[in-house]
Amino acid sequence: MNLHLWLIPILPLVGAAIDGLFGRRFSRQTVAAIALGACGAAFAMALWVAARFSALELPHVETLATWMRAGGFHADFAFYLDQLSLVMLLVVTGVGFLIHIYSVGYMWEEGGFYRFFAYLNLFMFFMLTLVLASNYLLMFIGWEGVGLASYLLIGFWFTKDSAASAGKKAFIVNRIGDFGFLIALFLLIKHFGSLDFATVFSSVPAFANAGNEQLLTAIGLLLMVGAAGKSAQLPLYVWLPDAMEGPTPVSALIHAATMVTAGVYMVARSHVIFDHSPLALSVVAMVGTLTALFAATIGVCQTDIKKVLAYSTISQLGYMFMACGVAAYSAGIFHLMTHAFFKGLLFLAAGSVIHAVGGEQDMRKMGGLRDRIPWTFWTMTAATFAIAGFPPFAGFFSKDEILWQAYSSPYGSWVYWLIGVFTAFLTSFYMFRLWFMTFFGEYRGGEASGHDQHSRTGMSAPHAPHTHESPKIMLIPLAILAALSVCGGWIGSERFAKFLEPATGSLPAVEAASEHIGQSSSEVLFTGISVAAAVLGLYLAWLLYRRRPELPKKIAAALGGFYQAVLNKYWVDELYAVLFVKPLVDGSSKILWHGIDQNVIDATLDNSAEGAREVSDSIRHMQSGNLRSYAGWIAAGAAAVIVYMFWTGSR
Amino acid sequence: MIHLTIFSIFAVICVAGAVNLLVQRHPINGALSLVVVMGSLAVEYLLLGAEFLAAVQVIVYAGAIMVLFIFVIMLLNAGVEEQTKGSRVAILLGIPGMLVGSLLLSWVLLEHSGTQAVAAGALPGSPRVIGWLLFHDFLLPFEVTSVLVLIAIMGAVVLAARPEAAQEKRKG
Amino acid sequence: MNVETFILVSVIKIVLAVIVLLTAVAYTVWLERKVVGHIQNRWGPTRVGPFGLLQPLADGVKFIFKEDLTPPHVYKPLYIAAPMIALTFALSSIAVIPFGNTISIGGIQTPLQITDINIGLLVVLGITSLGVYGVALAGWSSNSKYSLLGGLRASAQMVSYEIALGLSLIGVLIMAGSFSLRDIVNAQSGHFWGFIPRWNIFQGQIVAFFIYLIAAYAETNRVPFDLPEAETELVAGYHTEYSAMKFAMFFMAEYANMITVACLASLLFLGGWHGPLFGPPILQALLPLFWFGLRVFVFLFIYIWVRGTLPRFRYDQLMAFGWKFLLPLAIANLVVTALIVALRA
Amino acid sequence: MVPLSYYLILSGVLFACGVTGFLIKRNIITIFMSIELMLNGVNLSFVAFAAQWHALSGQVFVFFVMVVAAAESAVGLAIIIAVYRTRETLNVDKVNLLRL
């Protein structure tokens, strides 16, 4: 059966091309219609594919054309559909479509409307290519392409210096990860002769049995470097908070729901490699766990509403990697899906809040918005409860599954679980802190500050100073995502794991559970503990930010240095600047520019030019200007050539 | 035998024409001897079977290019060649070089291709076959040369136009 | 057919053709004088013989006995060679022109043509293109400004119009798919719907025919394109300095060229020797010759008619007309013909 | 039957004559004609080799050479006219401004 999978990524590309090339002359309605049409068509196509999914023979590969062929190596434009890519496909197109709708309302007043939608559609193209690719090379194209789209969208307001440099930062940090990814690809080519998923994965077990675990570990670790760059894990997470300079729908789509999860998808996709390399797997788990904790602690002190969400995203991505690290890939993907719902919703709702208060992002200047923007409030409430892990919201199921797997998996350990539970508590705390600060209490924003913020974010039309609810076109996606955040987890992690099993391998813990039925009681206990952690976070947030608002300052003063460290994000950016950026800048300007470029390369050229001039000065007298003399030289030269050929030929 | 006789007759005419080109001091005689060379070469082409080429040789070379030469000679009223000594290199270097090269080449040709012989009309190059080749196998070179000719036409017009005339036209 | 009979037949054909051609040349001159005379309300030659029919003979005798002047300061070798070149090339193209179908006399099959070669048309074109030399060399070698200007004009004009002429023929070539004049004529046999002959002129080559007609006038230096010998400006153009038999050679060459052009027009556009055949076998054998001769005559008559009617062009008009109108038109005709043939195939 | 080498020798002689003409002639038009002579010599060898190897592309190549020669002579003669207009001479020994 030919599903014409290539249409799914191509449709947004067509939309991007039309909007990008001709959008300047179109009206906003036309631009939005084209972008929504392209994205909606891709979503409809994905649903159609999903409807036919059960009839397919999996994995379903559709080869479009040969891309390159070099010696024994060849790569195709081929698309690969299995359970994993179907889930990603639905999440990307579905959430992407909702965010497209939301963006129409959010970006309506902005300049460069057509540019925004062209970029957004371009992103969809690359993301879908990434998800549907049937080999690492095509995946890498998508991987780089989403990086490009992310760069373009972070720097959407490129006249603003901070946005432009945030875009560059995202791009450069991602390069480090991509470097690792590329080397992993080179190793794969060298040792497997192919980048095709099916070929590589089928030959991995034999390869591992032949005593090449170290090599597989190296490949796995390098892939993890790539994933860490794209998914903002330690130590390459620094770009994601800065990426919040982009428009909020971008943060929702790219930096929460889809692109940053590409790393998780890639690790899950490559699970065969990781399964054969326990060391790489535990590195993944450790990185994920530490990132989750680390980002959560920073999130506690942030005051910018989007920054809190950004650190929260990093932390949740850490959860996903923790799940992958204990070989519970389906749990990671499950969390990826629910996270896409509630974190996309959180960002969109935050965007709605920012929209409502006229561009203000500082939570300290919000408050009491509950009554003024009820739709946003209720949807955001759903998302907050979901991320905090309250049953029966979506986040509860996925996070609980991850924590349980972290403990019970053969690769797991109680340390992971402990840190995970503590992080869950922190998550609950900072999310409810955000919730209370934004929606409860008194409105703390000044009338004038709104205008300042307008110009800062590039919002062209000044809003009325009073807060107001967002237009319907923004609220409908919020409502749909809210419904998904509530119900999205009801599939149940075990059914989800069963569904994904052919693609991600069977859960170790599921096997374990089937062997030891007695463990189910302990699972209930663990669930209780994680719910308790969430409730504790809620209580603490209520205590500190609702009941006794003077307490946080005291605590901060009491903690002193540690509080400062957390507030300044552990000075990681500053550390990187001293360690990497400054040596690079100094080295390239002093050694490369002044030293090598000027003294060696330029000097060589200057000297050789001087020499050539001198030599030609002396022999230019051969040019008599007489045509016949030139002919004489030619004849003599031709004779010389003939003599030479004769001489070489006669030997 | 008849083949060789015809070949020899026209080869002699050909070489005589070529030598005459060198000997004659007036360019119009040179041009006419070149026409003779080309005409007899057309006969040699016919002997080899290249009938289309023979016709084209006459039409293009003798009928168009050489007419152009004679036209220019008439237009510029070119007189008898002056005998100036402008270039020692041409005599001292060029002539010996030419002699060495051609002697070596002749020796090689005589030595290494003497046994092969070509029959009269060995390869019939009828217009149909040549046309087929030109418009199928050599379509791109054909088109490129047509562009080249177009450029040459424009170049000739630009170069030969009197600067004053061109300026007047621009003014008017 | 063995070699001896071949040579014999060929010699007979050559002699016959040359005699016929020279006679035709002579009587074309007579015809011209007569027709132009009537157009101009005169009688033309009447004194020598009935209707002045012996006038060409008298002219010939006169040319032979005139003093053959060679002006001083001419470049003698070329001055003498030029009229010969002109006449030689003008006469030799008759060698490939077919006059009729293959006939059989006494068991010997032979085409009514000195030699039938498969690139006949190319040969005719080649020979006519060489005809320029006679005119150009005559103009140059006479060492006279009138001659030089006449020669320059003639060579430029002939080279220019040769292109339009050649391009107008290519349409016919595409229709016939051959360079052989005999094949081209045979491709025009038969009728459309039983009564319209399948001549090329009725097969869409009418534009090509008129291009050919105009270019042919220029090629033969005839009115309205007789600038090389425009008597009001250049005395007599390239043959100003010639007299007696040398002048007669140019004269004959001009008329021989006219006849060649007329033959080509008949063969290429007007269906050659095809026409209704009837009567006894002898008549059936001779009728094609008659039909062919009739066409040539009509064409020549038009030539003379035009001469009696139209004024002379200015030289820049001539060049502009040739390059800017005739040539593009010929190319357009070529493209259209090629398209039609390709689509029909 | 004529040996191939005869054709080649003939073409070589023509070429050599052309080279010599280029070297010894002073009139720029004659020099130009010498170039044409060389081209003709080369053309003959093309046709001879075509007959020898039964490859019609040799004849096609001659066709191209002719076209290029036509283009070349058109431009070249235009150059000669332009040169004559400024220098009033056709002697190449006197057209040597392009020297040091």
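For clarity, chains are labelled A, B, C and D in written order, and residue numbers in each chain start from 1.
In this text, contacts are C-beta pairs under 8 Å (C-beta built on N, C-alpha and C of every residue); 3 or more make two chains touch, one makes a residue touch a chain.
Everything quoted here is computed from the prediction, not taken from an experiment.
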item: Chain pair with more C-beta contacts, B-D versus A-B; value: B-D
item: Centre-to-centre distance between chain C and chain A (centres being mean Cα positions), rounded to whole Å; value: 85
item: CA centroid of chain A to CA centroid of chain B, Å; value: 71
item: Approximate Å spacing (C-alpha centroids) for the pair chain B, chain D; value: 5
item: Intercentroid distance (Cα basis), chain C paired with chain B, Å; value: 29
item: Residues of chain D whose C-beta touches two or more other chains; value: 19, 23, 26, 92-93, 96
item: Touching two or more other chains - residues of chain B; value: 52, 56, 64, 68, 73, 75, 86-87, 90-91, 94-95, 98, 105
item: Set of chain C residues in contact with two or more other chains; value: none
item: Contacting chain pairs - touch in the sense defined above; value: A-B, A-D, B-C, B-D
item: Residues of chain A that touch chain B when the two form their complex; value: 624, 626, 628-629, 631-640, 642-643, 646
item: Of all residues in chain B, those that touch chain D in their complex; value: 3-4, 7, 11, 14-15, 18-19, 21-22, 27, 30-31, 34, 37-38, 41, 44-45, 47-50, 52-53, 56-57, 60-61, 64-66, 68-69, 72-73, 75-76, 78, 81-87, 90-91, 94-95, 98, 102, 105-106, 109-110, 113-120, 122-123, 125, 129-130, 133-134, 137-138, 141-142, 145, 148-149, 151-153, 155-160, 162
item: Touching residues (chain side chain A, partner chain D) in the complex; value: 620-621, 623-628, 631-632, 635
item: Touching residues on chain B, where the partner in the complex is chain A; value: 86-98, 100-101, 104-105, 108
item: Chain A partner contacts - residues on chain D that touch it in the complex; value: 19, 22-23, 26, 28, 31, 92-93, 95-100
